[in-house]
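Labels run A, B and C following the written order; every chain starts at residue 1.
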Amino acid sequence: MSSPLLSVSGLTKRYRRGVKIIAAVDDVSFHIETGETLALAGPSGSGKSTIARLVLRLVEPDAGRIRFEGEDFLALGGAALRSRRARLQMVFQDPLAAFNPRATVARVLDDPLRVHGIASRQERPRRIAALLERVGLTPDLAPRAIHEISGGQRQRVAIARAIATKPSLIVFDEAVSALDLSVRGQILRLLLDLQREERIAYLFISHDLGVISAIAHRVVILDAGTIAESGNARAVIDAPQSAIGKALVAATPRLNRTRP
Amino acid sequence: MNPLRRFLRVPEARAGVVILAALLAMALSASLFFPGDPQAIAGPALLPPFKDWSLPLGTDRLGRDVLAELFHGARTSLAVGIAAAAAALVIGAIIGTLAGFAGGLIDELLMRTTDAFQTVPSFLLALAFVSVVGPSLGVVVAAIALGAWTGPARVARAEVLSIRERDFVAGARVTGMHPLEIAFREILPNALPPVLALSSVIVAAAILTEAALSFLGLGDPNRVTWGGMIAEGRAVLRTAPFLSIIPGIALVLTVLGVYLAGEGVVETTAVRRSLS
Amino acid sequence: MTALLSIRDLTVTYRRDGGEVAALKDISLDIAAGERLAVIGESGSGKSTLALAVAGLLPASARVDGKIDWPGLGHTPLGGRDIGFVFQDPSASLDPVMPVGKQIAEVAYTHLGLGWPQAYAKARTLLERVRLPDPDAALHAFPHQLSGGQKQRVAIAAAIAAGPKLLIADEATSALDTIVQAEIVALVRQLVAADGMTLLFISHDIALAAELAERIAVFRYGGLIEIGAARQIVSAPRHAYTSSLLDAHLGLDAEPLSLQAGTPT
């Protein structure tokens, strides 16, 4: 069996709060295969966002190992790490905060193409137009400022930025929870399309089990920085074993539609 | 409404702009109205103002045309004030951004250097610098900037510290951008507004420092300066007070104009923030 | 049942960038005394504007046409005394430099004419009622020392301190995680029932609204699309937009999207 796309083992991150030292993430291990969606679920403070930031090397862990595409990801630094980032992208929760407030759509998409030398200066406008079309937007959006476009459009631009460098893994940190219901459905379908065509794996962080059951293959449920349970998404949501899993399922609002 | 029109609706801003425009016109037209050396002798010595209309503001102890000196002095004051403030803002913004973004040892090093500069009175620093290096326009600009960059540096650092935690900076890192590009292309432009708000205070202070240096005889000796004119007039303060009063008024108006325009900018941006 | 308030032809326009934007258009609806009404809609639907209009909290720049009468009250309501308001973000609605006990006591002191000691005693009782662990310590805590859910409990305590007839919760649980959200919703339901309050619950989440409210009003683009009993809205929506909202809801039983037929992007 070939090694997984991403494997995380013994990941630990502690924070100092006053005199106390709190483990935000405590000995967490999981893996993601190529083209697979793994969801991280849990209440606030369970460490799911911290795990996202650790995996992306935005925060350095206190212990543990991260292997990505067969490499020791934690051993990389400087230019090597920056070039490897092309393969590991992220989409944030608040698409307005995730972009430079002064940026235009074109500049946001130009950056990854330029930084990783993917397209020459002359070629880039065409590539940007193609990216916009790929995420269901029209190319005439390119000159617009980020703050002028709608929330759903912004999140599509964020996805376009993430796929610009042809990544093998994208981390979504509550990326659909701020969106309107109708927009959310469209974005989730776009993600599934992209996954099917490009074989991109997703690490999908959400507190919403409904979204997770719609998009994830497997789920890891976290509680206070540790893994409470994990497994096939359908199986875990249908019959949670851990206390926190049961609480999450019980707390999710239900729409009891009796179809006429 | 565009920012310029909104700016001009603030009364302070309008007054400031009128004063600064007059001053700028004086500086730019100096060579046009008063070609030749303003320090050349133009008539009898100590001619009082409004007596001879070819020399409307009279002459000084050596018979130099006071009006010509005033025009050419405007040039020096504005040039030194703006150049020194610009230098201070650029140096301050760069050092503040580096300190805030890099953190750790670099931050510690840069900020303790800033402390060191801030503990020495900036005028004393300028005085010492000019007396060691020798007076010339460039040296005076450098001397003033040397004492003025610490304010912008502190403000820039504080802004950068809060901005670097924002998601878009994380986004730039995920994109694989070089740290220096993140610092200067992503963070610095967003940290600038509060730093620029300091500029009017710094320009005004720079003009005053330049005048004070010239008054003490440490200005560029080849240029007319208002501070130098006041110093010149000091010797005959009882018999010909106008020689000190006229450049003094020019200095007060200039500083007032800069402050008022700066106030206008602050008001305009404040209004815009409350609107959005 | 008598109407606590009745809204007639309510239109609210905001001036923005020289033009005028209608946030609410010709809204007429009654809220019965003691009922739980949920107003749902997506962003830009005007649901929050409705909440602010009812509470009299619209910015001065907004133009209001139409009227809101309060037959169930008999007088013009006073914000804070007759209407309690819980906002989405408790960190923004609580004063960061005032102990939470004082913030609650202040409401009781202002509206109930209590002296400070009684107002503090009332605040302590309220903190107990919203089930904050260790209410004595919480009296003297500052907002930053509490978790998001605890802060929202404090905000609720302050909102009900003066015994209002109407409690308005504007997306009061959407910043919280699922478990805390369920706790807060249960708390609101219990408080409303115990005090006989009327509840106006503003939310984007149709499932949550259906669990809590007796009636649901669906808003879109500033207009009232339909209003009816929660059961009817969920099971037999009259309007296509309501159906599309129901279809967009992803419940625990959501089929994987990849298995659903016809998935155009």
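Operating definition for what follows: contacts are C-beta pairs under 8 Å (C-beta built on N, C-alpha and C of every residue); 3 or more make two chains touch, one makes a residue touch a chain.
These numbers were taken from a predicted model, which means no experiment stands behind them.
Participant: Among the remaining chains, which ones contact both subunit A and subunit C?
Facilitator: Output, common partners of subunit A and subunit C: nil, no chain qualifies.
Participant: Which two chains have the greatest number of C-beta pairs in contact?
Facilitator: Chain pair with the maximum contact count: A-C.
Participant: Using CA atoms only, can you tell me which chain is the most central one in this structure?
Facilitator: A
Participant: Quick check: how many Å separate the C-alpha centres of subunit A and subunit C?
Facilitator: Result: the chain centres lie 31 Å from each other.
Participant: Quick check: how many Å separate the C-alpha centres of subunit B and subunit C?
Facilitator: Whole-Å distance between the two chain centres: 54.
Participant: Measuring centre to centre with CA averages, how many angstrom lie between subunit A and subunit B?
Facilitator: It comes to 49 Å between the two C-alpha centres.
Participant: Tell me, which parts of subunit A touch subunit B in their complex?
Facilitator: Going by the criterion above, the answer is residues 53, 56, 58, 82-83, 85-86, 88-90, 92, 94, 97-102, 111-112, 115-116, 161, 165.
Participant: Can you check the complex and tell me which residues of subunit A touch subunit C?
Facilitator: Going by the criterion above, the answer is residues 43-45, 136, 151, 180-186, 188-190, 192-193, 196, 207-211, 213-215, 234, 237, 247-260.
Participant: If you look only at subunit C, which of its residues touch subunit A in the complex?
Facilitator: For subunit C paired with subunit A, touching residues are 42-43, 147-148, 176-183, 204-208, 210-211, 234-236, 244-246, 248-258, 263-265.
Participant: How about subunit B: which of its residues touch subunit A in the complex?
Facilitator: 166-168, 170-178, 186, 189-190
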